[in-house]
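Below, chain A partners chain B and then partners chain C, in two separate complexes.
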Partner chain A sequence: MSLNEAPKFVRADGPDKVTGSGRYTADMNMTGQLVAKFRYADVAHARVTKIDVSAAKATPGVLAVLTAADVPDLRYSPVVPDRTLFVKDVVRFEGEIVAAVAAVNAATAQAAVDSIVFEYDGLPVVTDLEAALADGSPIVHEGWESYGVSGDTVQRPNVASFSSIEKGDIRAGLAAADHVITSRYVADASHALPIEPRAVLAQWEGNKVTIWTSTQVPFDARNGVCETLQMPSSRVRIIVPHLGGGFGGKCGFHFEAHIAALARASKRPVKLVFSRREEFLAPDRRREGMIVDITTGVTNDGTITAREGWIAIDNGAYTADAAFFPQLAAMHVAGPYVSPNVFVESSLVYTNHQPSGSVRAPTAPQACWALESHTDEIARTIGMDPVDFRRKNTVDEGLEGPAAQVYGEIGLRRCLETAVANSAYGSQLPENEAVGVAVGWWPSFPGPSGAYIKVDADGSGQIITGAQECGTGSVMTLRYLAAEELGMEPEDFELVYQDTSAAPYDTGATGSQTLLNNGRAVIEGAREVAAQLRDVAADQLEAAAGDIVLADGFAHVSGSPDRNVSIVELAGIAAEGEMLIGKGSGTPPDYPTVSATCVGDQGVAGWAGPQFSCHAVRVRLDRDTGVVRVLEISAAHDSGTIINPIAAHGQVEGGITMGIGQALSEGTVYGDDAKQRNAGLLEYKLQTAADAPLVTTEFIEIPDPNAGPRGAKGLAEAPNVPTAAAIANAVAQLIGEPVRQLPMTPERVWAVSEGSSS
Partner chain B sequence: MSFTIAATVEEAVEAMANGARPIAGGTDLVVGARHGKSALPDDLVAIDRLAELAEIGPGPGGHRVGALVTHAQLMIDPFIVENYTALADAAALVGSPSTRNVGTLGGNVMNASPAMDTGAPLLVFGATARVAGPGGERTVPLDELWTGPGTTSAAANELLIALNLPMPSDRCGSAYVRLEYRRAMEIAVVGAAAGVTLAEDGTVASASVALSAVAPTIVAVAGTDALNGLALADAAATAAELASDQASPISDLRASDSYRRHCVGVMAKRAVDAACRRAAGESISVPVNRALGIGAA
Partner chain C sequence: MSESATPQNFDLEVNGISYPISADQGKNLLSVIREDVGLTGTKEGCDDCECGACMVLLDGQPVNSCSYLAVQAQGRTVTTIEGVMQGEEMHALQRNLLDEGGVQCGFCTPGMIMSAHALLDRNSNPTPEDVKIGLSGNLCRCTGYAKILAAVEKTAAE
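== the complex of A and B ==
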């Protein structure tokens, strides 16, 4: 569908956001509200010898000071419970919270924070992933064996989660190859960097707390508060005002419990608003640094015989949601290629860095960058066109992926052909320009989700949904789905969302899952209301309910459009008796089982609704300085059926822009003390609007029967996957060899190009 | 704590003598405070209403650019673009459109960052600073004004009121280029300005080159006489060598010293190249970075 033919949505939240009338968490204020500030450890690894908050407590205007002693003594986090709300005995990264203060204003709170005595004995920092894995390395978590991990999680010293994927016989496969190519790639950590720094406001009434918070996952936030403060979910209500972006950085449970505990202790509403620096340092959500070693065996005709990988992922100090990262990274390092023999080992390594967590397509951009750079190295080695090599070896219908999943109809090869055809690949270019090509993939994530639909007496509809809007617009698309079922207009529906006490559960704005799962719930709920409307209409029109058609705001008898009654009138009638109320949840699609041997299985080797993509990127290199400019990007994506093309194009363009940043300019720089050196927008370089290239996007729409509404798969994360890889392949063409570090900063590009020309 | 709105230069100087810091666009002062670089001063004197400081016009021995002239004005002012093109090149690269709309030339000069964009062009033009104090006005050469990163020789009660620019000669041209990693909200990694006058045969008659972000202050390149008599390509190559040799860059988050040393030579070469071409009558639009695809362009 072309953009011109696409259904036109005016986003329900658009006018509020554009005109400034929308309210974000930081805009909320309550009578008697206090300001919260945290005392951070500001040291990456240390044994605590003294925490004295007596001066802070005695500061006039301070109404609460909390430390680990004031909250339940327990560790939390899904899968690997290794975290506490406050520092207890050992500090493991610089952003850990020693104490929290609530005071009448910011200056008083800061003075109290500064008066806290915090003494410690420094411990050697663990920063290098390979050194952390070596015998004799300092251990980040002494006592890790007692943490009580869940599921099939495999742990080792300084390894929070280990996974491997094994298929066939890797030794035999490599022995059968004419060429064996080995590469190492190293990616720096980076940040999600939503423009809105996070904010939390908590208020108690009796034994219940309401928390307004800038989270992507309200139900996870609620679960975190319930777990850490030992409360039932019925007494914790999470409300999310408008959210100023997240990109994964606001997934998980962060600071809601600290602020709720401060509000309880001070008997006042308490608000936290992060500075930009805190937004860099404190959250346990950054994109993980990674080392990738890949070895591939190929025959002279370009057939892959074996692929071996070794991956070390920088977990940072705590595991957050990252236990599945090793298995997911292994899937991306093996990649969407057919290989009879696969062996990939992948470790999530504890260090004294900020914890890693799900940032848009976690592990994928870095792993894809490594794999696809390696793929071009293979093609160069055997003298084959890199696009031809992908034509020959990528997965397709009926073929088997690295974990032995056999695919149905998928669009990877069509993505490859389309993106390449829409680019300048193969045409004559100036000597300082090149087109690089990379393919990528990403799963969809089926899960439970719920919604209520009601139509009130005046014919106005409401969708009360657990889904969360983080800017993608997918919640906005729910109005369209409900309207289609009911013969109404999207504008007839109001969205009631982001309130855990109003709506049934949804996973939240995470895993590109809103349309996939909540779309299913909304359609099912709308169908209940549609059946109710047909019953009322059948009475009014003296026809069988099964013959009633809902369209264009009316119910009419099938075949007799003149025998009709308006939905507004039907809603008025229903309001006097059996009301129009529907509920939906539906059965999530199945996850396919796979036959490869998966040690440390975290459930991400068999992919439901697999998405595929190809980016072809034209870059210009300033050879004297190493500065790379991305001129244009041709993108093709198989995310199944596209329901809202305007929003879908926006997701691709945004994901690509984020990918350019990861490719060229965004990377955390650590000092020898394991502290971030560029925790600010001046020295951590995001791409700006002025840097954005021309993006041409085509969707390869293959409805997936085992995915979301009308065969839609997820989308929001996938566009972030292959951009850096495609840029890398263009740069490698221009300077003769790959830049093996991410981001590929001008100085790194220049250094490689100097090295290869001398 | 006080906030004074000055109606005259005298009022501003008086407030400064009482400890107030001047504020015009606030793009360094306010942003610096929010970054935690230094707290906002307790006492401020707003100088943004001193209309006579916002003018571009004739001045002693040449032209006078008021301290309150904004970057947005400089980058499009036809007189500046025609005669002091490097200054327009530099102004067009500062920050973002909003920074350029409120940020002033005087603020950029007195903030005295070694990475400032307008400094190298001003040095190349031989500009002098006109400062007003309790005892009246005085003129200070820029290489005497800038004493280190963020420091000047002006007293705390002296207000920069204008930059005086000598008259341009015939067959002259200028350009400022910088290494940048993105196209907006950027600070020069290194930069170079060049001012060139050509002889009738098209060779260089005289040249001056100044560098950004390779020393504690903006610095002039010594020995540019070596460019005299050279054709464009040789002049540019010579400037590159002089610039790289004379730079004393540091390593920081933006770049290593060795990369800066290399790149400042590249920038000097490109600045001399563009200045010579402009002097020869070629039209290269402002800023050179965008016109010639330099850096992130």
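== the complex of A and C ==
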């Protein structure tokens, strides 16, 4: 569907956002509120010898100072519980919290923080992934064997989670090849970087706490508070005001418990607002650095016989939600290609860097960049057109992927043809321009989700949903789904959302899952209300409930549009007796089982609703400086049925722009001390409006029967996957060989270009 | 240590209303607008003059209010996002941003609107390149800019 044909999408939160009246967490204030500040370790690896907060406690205007001694002594995090709220005996990254202070104003809080005596003995830092895996490396988590990991998680010294995927006979497959091509690619870490820095405000009433917080996952945040402060969920309420973006950076449980504990200790509301610098240093959600070794065997005619991979992922100091990264990265390094023989090993390696966590399509842009650069290397080696190579080897209906999942009807090859056809690929270009092509994929994530639907006496609808709006518009789209079931208009519905005490559970704005899962819940809830409306209408119209049709604000008898009654009137009647209230949850789609051997299985080798994409990118290179400029991007995406085209286009455009940043400018620079050297927007450069290329997007709409409403799959993360890879392939054409480090900064491009021409 | 060691008393005109302010001499205009005037539509994204979320108009000129001393704004007129509505009607920029899908999380939106407002005030017929340059001081992480640029161009064409 082209955007021009699409119905206009009205954001329920739009007027709040364009007028400045919408409240974000930092805009909220409470009478009597105190300001929170943290004392950070500011050293990456050290054994604590002294923490003395007596001067801070004695500072006039300071009402609470907390350290590890003041909260329950336990480790948390899903799958690999390796984290504590405050530094205990060992510091493992610079942004760890030594103490938290609540004071009457920011200056007093800062003075108290500065007065805290924190002494330590420095320990050798672990920064290099291969050195961390070598015998004799300093161990980031002494005693890791006792952490009690869940599921099939496999651990080793300095490895938080190991996975492998094995299919066929890799040795025989490589032996059968005419060419064996091996490459190494290394990606730097980068940041999610939502423009809203995070904020948390907590207030206690009696033994219950309400926390307003800029999280993408309110229920995870609640569960984190419950776990770390040892409270039942009935006493913890999380409310998210408008959320100023997240991109995964605001997933997980972060600082809510610290602020709740400060508010309890000070008997005052307490508010935390991060500076941009803190936003860079303290969260445990940055995009992971990665080393990828990849070897492919091919025959002379361009058929893949074997693919082998070795991946080291920089976990940083704590595991957050990253235990599934190795298996996911393995799927991306094996990629959406048919190979009878596959063996990929993947390790999540502890270092003394900031922890990694799910940032928009975790592991995928880096792994895709490595694989797709390697794929162009293969094509060059055997003298085949790189698009032809993909035409021949990509997965398609009835074919088997790397973990031996057999696909139904999928649109990868159509994405390839469409993106290439819409680009200047193959046409004559100036000598400093080229078009690079890359394909990508990404899973959908089925999960439990719930919603209530009500219609009030005046005919106004309400959707009370656990879903979280991150900006994508997916929660906004829920109104369309409910309206369609009830014969009402989207504008008839109020959305009540982002409040854990009002709505049933949802996973949150994570895994591109809102429409997939909560859409199902809203439709089911709306159907309950529709059945109730039909019963009331059947009474009024003296017809069978099964013959009642709900459309255009009326209930009418099927075949007799004149025998009708308005939904407003029916709502009024129902409000006097049995009210119009529905609930929905529904059964999530199945995760396909796979037959490859998966060591350290984390459940992400079999993909429900797999999404496919191809980007073709035209770039221009300034050969004197190494500066790459992206001129045009042609994107094609199979995300199943597109329910909200204008929002879908927005996701692709936004994801592509983030992908350009990852490709060219966004990379964290670490010093030898494992501390970030570019923790600010002056040194860490995002794309600006002046950089914006022309983006053309087409959706290949193939409804997926095992996915979301009407066959919709996820979308928000997928556009982030192949952009850097496509840019890399264009650059490699221009300078004769790939840039093997990400981001492909001007210095790196220039160095490779000089090296290959000299 | 206290925040109001040397409070300064002055009047600040914001969106046509004059407010008596008593604030530290070093307090920036953004903080005074948000905390003393009480208008929170103007956002803080970096406090470093890098993101444009705090953009306001000072005598019609766009400035990053995080990097401007509030006392220096006395005697001048400040316009914030709350001053953009024309009575009960949205300004065309606001309406077009919504119609074109140029709003996602909305955190950059107030600053974006102020920059676009200033751009259209000084150039009612901008080229697409003018619009890109005019908005290049405002970071948006959500949209990829395309729909924001389209909304501003559409407004200019109206």
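Following the convention adopted for this analysis, the second predicted complex is superposed on the first by the 758 of 758 C-alpha atoms of A that agree within 3 Å, B and C clash if a C-alpha of one lies under 4 Å from a C-alpha of the other, contacts with A are read in each partner's own complex, and residues count from 1 in each chain.
We adopt the following convention: a contact is a pair of C-beta atoms (placed from the backbone, for glycine too) under 8 Å apart; a residue touches a chain by one contact, two chains touch by 3 or more.
Note that this is a predicted model, so its numbers are computed, not measured.
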First (chain B), second (chain C), both or neither touched by A:C470: second
Touched partner set for A:T745, first chain B, second chain C, both or neither: first
Greater residue coverage of chain A in the superposed arrangement, chain B or chain C: C
Touched partner set for A:V669, first chain B, second chain C, both or neither: first
Touching partner for A:V186 - first (chain B), second (chain C), both, neither: neither
Chain B versus chain C as contact partner of A:L682, first or second or both or neither: both
Partner chain in contact with A:R11 - chain B first, chain C second, else both or neither: second
Contacts of A:T108 with chain B and chain C, given as first, second, both or neither: second
First, second, both or neither for A:T625, with chain B first and chain C second: first
Partner chain(s) touched by A:T19 [first = chain B, second = chain C, both, neither]: second
Contacts on chain A seen with chain B and repeated with chain C across the two complexes: 680-682, 687-690
Chain A partner contacts - residues on chain B that touch it in the complex: 35-36, 179-185, 187, 253-256, 259, 262-263, 266, 293-297
Residues of chain A that touch chain C when the two form their complex: 8-11, 13-24, 26-27, 61, 105-108, 111, 193-197, 242-247, 273, 275-276, 470-473, 646-647, 649-650, 652-658, 680-682, 686-690, 692, 695
For the chain C and chain A complex, residues of the former touching the latter: 1-3, 34, 39-48, 50-51, 53, 80-82, 84-85, 90, 94, 97-99, 101, 103-110, 113, 131-133, 135-149
Parts of chain A lying in touch with chain B, wherever the complex brings them together: 277, 620, 622, 624-625, 627, 629, 664-665, 669, 677-678, 680-683, 685, 687-691, 745-747, 750-751
